[in-house]
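You will see two complexes here that share chain A, one where it goes with chain B and one where it goes with chain C.
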Partner chain A sequence: MRVTQGAFSFLPDLTDDQIAAQVNYCIANGWAVSLEFTDDPHPRNTYWEMWGHPMFDSNDPAAVIYELNECRKAYGHLYIRLSAFDSTHGWESVKLSFIVNRPKEEPGFMLERQESRGRTMRYQTRTYATGKPEGERYQT
Partner chain B sequence: MAEPEPQDQPIEDSAEQTAPSETEIDLREAYDASGVGELLRELDEELIGLGPVKKRIRETAALLLVEQARKRLGLAHDTPTLHMSFTGNPGTGKTTVAMKMADLLHRLGYIRTSQLVTVTRDDLVGQYIGHTAPKTKEILKKAMGGVLFIDEAYYLYRPENERDYGQEAIEILLQVMENQRDDLVVILAGYTERMDRFFESNPGFRSRIAHHIDFPDYSNDELLAIAEKMLKQQNYQLSETGRTALADYVGRRRLQPHFANARSIRNALDRARLRQANRLFDSAKGPLGAEELSTLEASDIRASRVFDIATREEDEEPA
Partner chain C sequence: MNEQAKTVRGAERYKAGVMKYAEMGYWEPDYEPKDTDIISCFRITPQDGVDPIEAAAAVAGESSTATWTVVWTDRLTASEKYRAKAYRVDPVPNAEGQYFAYIAYDLDLFEPGSISNLTASIIGNVFGFKPLKALRLEDMRFPVAYLKTFQGPATGVVVERERLDKFGRPLLGATVKPKLGLSGRNYGRVVYEALKGGLDFTKDDENINSQPFMHWRDRFLYCMEAVNKAQAATGEIKGTYLNVTAGTMEDMYERAEFAKELGSVIVMIDLVIGYTAIQSMAKWSRANDMILHLHRAGHSTYTRQKNHGVSFRVITKWMRMAGVDHIHAGTVVGKLEGDPATIRGFYDTCLDEHTPMNLGNGIFFDQPWASLNKLMPVASGGIHAGQMHQLLHHLGDDVVLQFGGGTIGHPAGIAAGATANRVALEAMILARNEGRDYLNEGTDILQAAARNCLPLQQALEIWKDVTFDYSSTDTPDFVPTATAAA
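Take a look at the complex of A and B:
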């Protein structure tokens, strides 16, 4: 099941040129671009691992693509997302975030139902991949 | 999607290559559209002398325009290597030209921004093991899309210390210069002799740099013209005798050690302004007009140490 998180996730995966164009837009707006990766794509898992520092200094997409490729070399089998942080006073938040790399196989989520008191149903989702310990997920 | 202008949207380049839609290119028109003519004219007016340098810049511009035209016609083209080395004595305008070069390459659509990141050894080389690579990469990332100007590049290589981390920075630089030619133009600058020695011990650099531009020293007349231009920018002028004194000064200063071409002249003018201010303070009795406030007299320049030395030698000679 294809994970749909962040912007553009219902579109086909962006090519590097398209990513560069988005980065260009972010930089033109003065946002700092950063890369993050994870092996647990649960929608509530907001804390992904950072790949280096946010690139406050870079003013060209080439630098971001370079880092993205470095990140892919190390964690190409996991999810990688690109976020653009707006540090303007009053905003101070991520303005754009989208997935730029995903595993070949995405097993998706399991929906668990729990019958609770009365006829109440409780639901929870669990990533199939997290059934394995860290470091062994998404290995093909 | 409409055919994008290559200089505005370099990201679309790859899409453009596959769909050549034009069959003829008017080079003159491309030249006008890129705004290069204007820049070259600016270069001619603002920079005095430097004939060979200007010639090389014009040639580079022509090459890039032709490459651009070939690309638009769908002819085979290889992105030319534009890494450069600027060699010349101190104060011959290397940094100034580098800035112009960044602007030129940007207008020709070869680089995406006209930014020039100026660095020296300190910015690239770290202080302990493992510090250099991230530091160099950080700078490279900062400079991507524009021009990286490495001043006094020979300091990167210190043969006397075999554990020097400079070598590591050089290796990373070479790798990026080779693999990411589209993203970054590297300009190395330094004094001629030391750069030559640097290239001899780093053959990798020499072969990756296609353009070696040598900056000649300025002649006395050129230096005088530069001085007048500097003064004009600061709203100063020379009196008739002041001009003769300055011409005299230039000739004498050249023979002194540590002569740094235009930089020496700029310093001399700064000192002359200082003396002029003092002279005005000491001698002025009534209110001063703009004319007096902005005129440098011969005495302001003749008070320089350079004249003392010269006259002392003349005195000594007959003895």
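Take a look at the complex of A and C:
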């Protein structure tokens, strides 16, 4: 399967040039770009691990691409996303977020059902990869 | 014309009998509205022979303290404070016999936090008043002090996006079709296919409640099976607007509670349930972490004709105060009424921190929003993937684009229809952010994206000639003046 979180998951994976163009757009809007990675892409896993702080003071897309490639060297077998943060009053949250790296194989999620009172069903989504201990997920 | 009648004062003012409204204190051309006043702009069409000033004063009177004759009991109150004051009457450009009347109301005339109380005054008796041929409430300005007595959107655009983990693009939805007649099991199939194919939301239509062919519990159960399955298939948060509209508040609460128990992120109500019921559901939604979708069923009966009724921009303001999270606000390019400038005015009213006066968009007043949450506009009705560049241009990023027929009517199936829409949207956002002239190059951008996506190719082919090019009824009265630069 393909995890379709983020703004561009239905397009072919973006090239570094395409990523740089998006970073350029974010910087032009005054948003701080950051990189985060995870081995658990559960849709409710809000807090991916931060690859350093958001780059509040960087206005160079090349610096972001450099950091992305550093991050890939360490965690290229995991999911990496790029987010842009807008601190303007009334927003103060993420403005754009998209996946810039994903594992070769994406095992996806298991939907577990627990039959409950009446016909009510309790659903639980489980990331297959998290069946393994941290550090051993997505290793081939 | 802002001269003529003068307010009669003292004992003369309270002699028993009938007196012109303009002489009773409801026309005060020198009045400067206070920051704490609520202001209304009405379009009035007086009967032949009725002076527009007197008509404006009558509207002020009948929407505040007046009755048809002088009453001595006015003298038991601070009546001058409680009288609404018409303070300005302008002829409507290019519309003979119509006038814009500006009326200021003291804040103490209104109960805090109640749209019902507000509307009982402002659109209460006055719309049937005989000396007027027609009356339309064009716009209102609300003081910050009054806005602060309202909850505002239960969730708001920012928290909705955070909760759904979707940033940087419009959200995508579809209304399940046919809107009536599907069984719960078949209905859930449509939901599953559309969400798995790439939509963020599916939606009940306004008139799907609990009918013989599908009772509400059945629909909720099958829909949530579909939502959870699609969520696991994609790793993305998905939702379906479960319409909890019912005959009584007790029934609505019961349905909303069940939606919550099943883990739905969103419920839906119809405008026809009434302002108090809407505020109650907004309060329930805030208390239960639920996004609240409002379908504006019924609004065109009073928003569409320019000479009589209530402008949708006013309904939008009331709904942002009442506390819904989503409101259908027009598509510009789709099958339903919608002039681009007027629709921009509605969208700004939903999303701004501060909406500046903009007569070209039909906005008559500066409106600060006092940190009330933003309200997500929804575009629905006769739109398809081939219009993606125009939709993005007119409607921006913060909108739910709802392709009903444009998803379910896809020749290769519902999931393919959903994928076509999602690919078209992502390709357009990517191009826009890259700095391309996406409005003019829109067709090329879509064709290029379609080379990697057969469903988009098919969608572009089948709907290539579909446009709804009719002139709008509800349009602004002011044309922006061309400047030297333009």
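Keep in mind that, in the parts below, the second predicted complex is superposed on the first by the 140 of 140 C-alpha atoms of A that agree within 3 Å, B and C clash if a C-alpha of one lies under 4 Å from a C-alpha of the other, contacts with A are read in each partner's own complex, and residues count from 1 in each chain.
One rule holds for everything that comes next: a residue touches a chain if its C-beta (ideal position, glycine included) is under 8 Å from a C-beta of that chain, and two chains touch if they have at least 3 such contacts.
Just so it is clear, the model here is predicted, and its values are computed rather than measured.
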Query - Partners on chain A (chain B, chain C) - clash or fit - result: fit
Query raised in the report: Looking at the overlay, does A:92 come into contact with chain B only (first), chain C only (second), both, or neither?
Result: second
Report task. Examine A:7 and indicate which partner it touches, taking first as chain B and second as chain C; both and neither are also allowed. Result -> second
Report task. Considering only the touch criterion stated at the top, classify A:66 as touching first (chain B), second (chain C), both, or neither. Result -> first
Report task. Look at A:25 in the shared chain and tell me whether it touches chain B only, chain C only, both, or neither; answer first, second, both or neither. Result -> second
Query raised in the report: Which one hits more chain A residues, chain B or chain C?
Result: C
Requested in this report: Considering only the touch criterion stated at the top, classify A:50 as touching first (chain B), second (chain C), both, or neither.
Outcome: neither
Query raised in the report: So, A:74: does it touch chain B (first), chain C (second), both, or neither?
Result: neither
Query - chain A-centred angle between chain C and chain B, computed on Cα centres after superposition, in steps of 10 ° - result: 100
Requested in this report: State whether A:58 touches chain B only (first), chain C only (second), both chains, or neither.
Outcome: first
Query raised in the report: In the superposed model, how near does chain B get to chain C, counting Cα atoms only, in Å?
Result: 8
Query raised in the report: Is there a shared patch on chain A that both chain B and chain C touch, and which residues make it up?
Result: 21, 24
Query raised in the report: Quick one: in the complex, what on chain A touches chain C?
Result: 1, 3-5, 7-12, 14, 18, 21-22, 24-25, 41-44, 46, 83-84, 89-98, 108-111, 119-121, 123, 125
Requested in this report: Sort out for me which residues of chain A touch chain B in the complex.
Outcome: 17, 20-21, 24, 55, 57-63, 66-67
Query raised in the report: Which of the residues in chain C come into contact with chain A in the complex?
Result: 158, 161-162, 165, 167-169, 198, 217, 221, 224-225, 228-229, 231-237, 261-263, 353, 371, 374, 419, 422-423, 426-427, 429-430, 433-435, 449, 452-453
Query raised in the report: What does chain B use to touch chain A in their complex?
Result: 11-12, 14-15, 112-113, 115, 138, 140-142, 144-146, 180, 182-184
